[in-house]
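Shared between the two complexes below is chain A, which pairs with chain B and chain C, respectively.
Now for the complex of A and B:
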């Protein structure tokens, strides 16, 4: 997950240039180009164990899963090939449609919120403040914790007798007090809050890394020319952090689609299925109920959604970054 | 322009207030874990504990069976360490030849790994489970190491390939001129240079493995080899609103990773920020 997409994005762009990847290292005198190196680096079969492992564990397993999505297999015994039946059943089931809606809500909601808050924190902590390093370390801390542990803390906060309702009571807002996680309307928003709290730090450090490479001189010059804070942000900062926006939103989206641990710890999918997502439904159908075929169909839907959004996102952000340069 | 002014000081104070609100959950975590059973049910959840009650922590270590936290810790250490070792060895070798080879296959292999990163694991989980069960890999830490190594290799190869591409070949060329074989070049020249990439791989992959809940929940189900998050899940599952005890195990489970994070925080943030720039 994480940093990989970033590197991938850049390496892809580099790979499309006609030059060989290792030519043109900056700061070195240009060497005469050869079509093929005269010396060998390593042996090709060094990559073989990795290729076999990844082909088996990622591709073969996924392909097999895709196959079972069109069967009624229960995990043991024989199975029938049933075409698109699983998918028609999914699309006719209000629980699964709710899970689909929740998956999209959490993915997009968390992307928007983590990026807005993360960018705000990055801008505030970019330079100037004496304690900016300490603040960065503190604000990034939730990222390294297990989502399960984080969820338990928040479950307590949102309890009926928990700190949040106490706080609302102290403010005289007793009408707002409720059992947050048992409320079908509010529970999904609680999960969103927990996901955002834990992942904001990732967006923050991605933006900080990008901002560090922006020359403060340009902004300084613009300020001397009388550009206001908002103008400087729109015309100088925003165009230069487009790569970070691309990486951070793609990553956030992919992670948002996969949210599982938080839901298992906070609500278990309840109340009455109000917080089910595709990931939790896949788990329940396949491992609790033994509907392997049906669960595989749900997983295939999730896979297709993630791949489609990953591709769309790559396209959109790549075009924009070209236009920005 | 960026002198420290009164406005900067104000901004600093404001950000500390934001940070303290942001970190408020940790206050609830610690203060509640130190409360006694009687106090946790009777008093205001926001109030600090009246006395330090460490019994909750002692209780955590007495749990047996699936919620045995020490066994979970041991298994998590073995699985995370073994997976990192596999990812570093296989990932660096594959990443190296893929980055250095100009042949067509290396580009194909590169995209094979690239796509595998975005591919979600859910769809492959069931066939993988059946495959692992057939091979006898379920229910043991060794099976988990094999599984995680395969699952996270694309990420590892990606980071290594990106690193080697940026490294330049001057050292390696010089070594070859002096008569070194490809194997010697890798182990004597490249291996010592790749420490930064190895650090990033170890931190990112290690964190994913260490915190993972879904995979061990399924692949270690019913065995005595649960990992830390799963042991915590079962421990919490046996309690009803005894938040002092729940938070005691949450704190115990967090201590190793927070200690490690504070020790290597810069490397953690660099890893997430996209890596190997520094």
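Now for the complex of A and C:
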């Protein structure tokens, strides 16, 4: 023990933790140094199990999947390294190109429709309406329901003998009755309707959260200056909710690329592949047909596509007004 | 307060390893079963909440063999093949596993055997192999699967509903059948209930029709396709098979909206009598009659074209195999030997609605649902289910997707045949 500690000098080097009582408490005996506890709160390594789990389950598995994309593994037994063959086959296969087209249609279709409808609902339910809280709950409810369970209900509605065709029949519109989920033209749009119905609520909530921070006074001032509804929306509301647009469209786009449950429950990718997407093709090739390597290559392509579009979309929607500040 | 914190921390320190041990125990329990030397685990597929024939027989075996414990691990049939592959690859599959004869499905015995996951079986299974089906069970001289059933894959036909509709005898030709379709359509009924949105039913209808168009003419067609001497595209029988489906669709033989229907269309249609026939395995007749006791159902062969030969599909759809990694091989072989005994094979058939695998010669089919196809079975006019012989799952996938495309007008017959050939050769 040094002389300085006897004097109560606490001039420790920066960053060093005091090991003895603070200065200015004369007469109080120094507390004995406690042994370092086995587990203490507030240390970074509390996150270690989570980091290990995420790395092992998510990133290591993804990396392993990426490796198998360059093999001909069937899911069992041995495999051979075949380079870029799986990717060449994918790009030459009209079924996979059709799946890519459907993926893009559902992703962009759902992101546009959910955001336009979600923003419209948010604006309508932002202020004024007395029943807005009840309506918000009702419109948000589809988001919390299981996509698979909800899709089976929609499947029942769209079945040939289902309520939709019966309703059309009751109106005398029998010529419009059809097997909606087995129609090569309509089935993909039915899926889009279900996806949009289920995801609009989340877009509405994101916009509502951002709209709450828009000062009504600015809009009132603009109105007094003679600005119309559309002008106020374009020049005040829209710039104010730019962060919400960025978040909502990014999440919507990623979810749109990954749509799987709804397709499997509604059409299973049919009729004759008309509603296959990259996500359903990954499942089918990998788990139904035993083409694990080929399925892994499809999954890798889907991951890269999502990554590229997410980055592009982030750049497009970022707030440039704060650049250079 | 400090005491509380200490106790909490001690709890955390203890909880982590305990949770780890519990998790590891749970993981290992699925595969290893119990430590009983005479016990083993048994995985099979199940599609409903009724007791599986395997479960019933396992219980009867345990009752007659005290000291033996069979731990049952039923798996949903829609993911069965993949689940089994994952378990085998991960080293935690059950000791005894239900497989399918041949190749062509994810849980096909020969595919799994080639990957080294199955143990060759003893001699008791050899006598059960249906005539002409050795290639579905053997690799070289090693037997990898023990058949448990003999299933006729034809048409399950509701005679009660047919009589009500004024149809007194099953059509002898496809042309007669098409005529009946027109009569039934006028009454708001359909001859066939088709699950056009369910791939297995599209594969089934194609295979069953191919019996009269392809395999009646050339029972060795699969062998010829393997050697490359024929293809789907250059075989008139396959072209006729797909054309028959198109013709049936055009003639209104299927219920309205058939191209998107599920299996409920078949079960509802046949049990309510709004449809007369369904392309489902023969054993389903028993299940349907138990659901609708007022309807009588029989198994029929799909009628040939005018001047064609009547033929059907018959063979074993299900088999049992032994996990090569199992340490309970003696106990399993004893169980398989017991199952191979004629009285137990008959018991399985009674429960499942199939024909006993122990030999058609000793079975009396008079008065049973199989009576209409008895002459075909006795004369050997049947071939094994084609998908059990084909080299991979992709051919069946090409059929299901292609035939649905024929129903919706998305595909032509030439396109479908080309896809089937491409899938075979991949």
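Heads up, the rule we're going with is that the second predicted complex is superposed on the first by the 268 of 325 C-alpha atoms of A that agree within 3 Å, B and C clash if a C-alpha of one lies under 4 Å from a C-alpha of the other, contacts with A are read in each partner's own complex, and residues count from 1 in each chain.
Everything below uses one rule, namely that contacts are C-beta pairs under 8 Å (C-beta built on N, C-alpha and C of every residue); 3 or more make two chains touch, one makes a residue touch a chain.
Computed from a predicted model, the values in this text were never measured in an experiment.
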| item | value |
| --- | --- |
| More chain A residues in contact - chain B or chain C | B |
| First, second, both or neither for A:181, with chain B first and chain C second | second |
| Chain B versus chain C as contact partner of A:161, first or second or both or neither | both |
| Which of chain B and chain C A:270 touches, first, second, both or neither | second |
| First, second, both or neither for A:145, with chain B first and chain C second | first |
| Which superposed partner A:125 touches (first chain B, second chain C, both, neither) | first |
| Chain B versus chain C as contact partner of A:44, first or second or both or neither | first |
| Chain B versus chain C as contact partner of A:290, first or second or both or neither | second |
| Partner chain(s) touched by A:77 [first = chain B, second = chain C, both, neither] | second |
| Partner chain(s) touched by A:206 [first = chain B, second = chain C, both, neither] | first |
| Set intersection of chain A contacts, chain C complex versus chain B complex | 37, 39, 75, 159, 161, 287 |
| Contacting residues of chain B [partner chain A, same complex] | 1-2, 4, 8, 11-12, 15-16, 18-19, 22-23, 25-26, 28-29, 32, 44-46, 90-91, 93-94, 96-103, 105-107, 109-110, 112-114, 116-120, 122-128, 131, 147, 149-151, 153-155, 157-159, 161-162, 165-166, 168-170, 172-173, 176, 182-183, 185-186, 200, 204, 207-208, 210-211, 213-214, 218, 228-229, 232-233, 236, 241, 243, 246-247, 250, 253-254, 257-258, 261-262, 265, 268-277 |
| Residues of chain C touching chain A in the complex | 9, 12-13, 79, 82, 85, 88-89, 106, 111-112, 114-117, 196-197, 199, 256-261, 392-394, 397, 401-402, 404-405, 407-411 |
| Of chain A, residues touching chain B in the complex | 1-8, 10-12, 14-15, 20-22, 25, 28, 36-37, 39-44, 46-47, 49-51, 53-62, 64-66, 68-69, 75, 121, 124-125, 127-131, 135-141, 143-150, 152-154, 156-157, 159, 161-163, 166-167, 197, 201-202, 205-206, 208-209, 216, 220, 223, 247, 254, 257-258, 260-261, 264-265, 278-279, 282-283, 286-287, 292, 295-296, 299-300, 302-303, 306-307, 310 |
| Residue numbers on chain A that touch chain C, as the complex places them | 37-39, 75-77, 159-161, 179-184, 267-268, 270-274, 284, 287-291 |
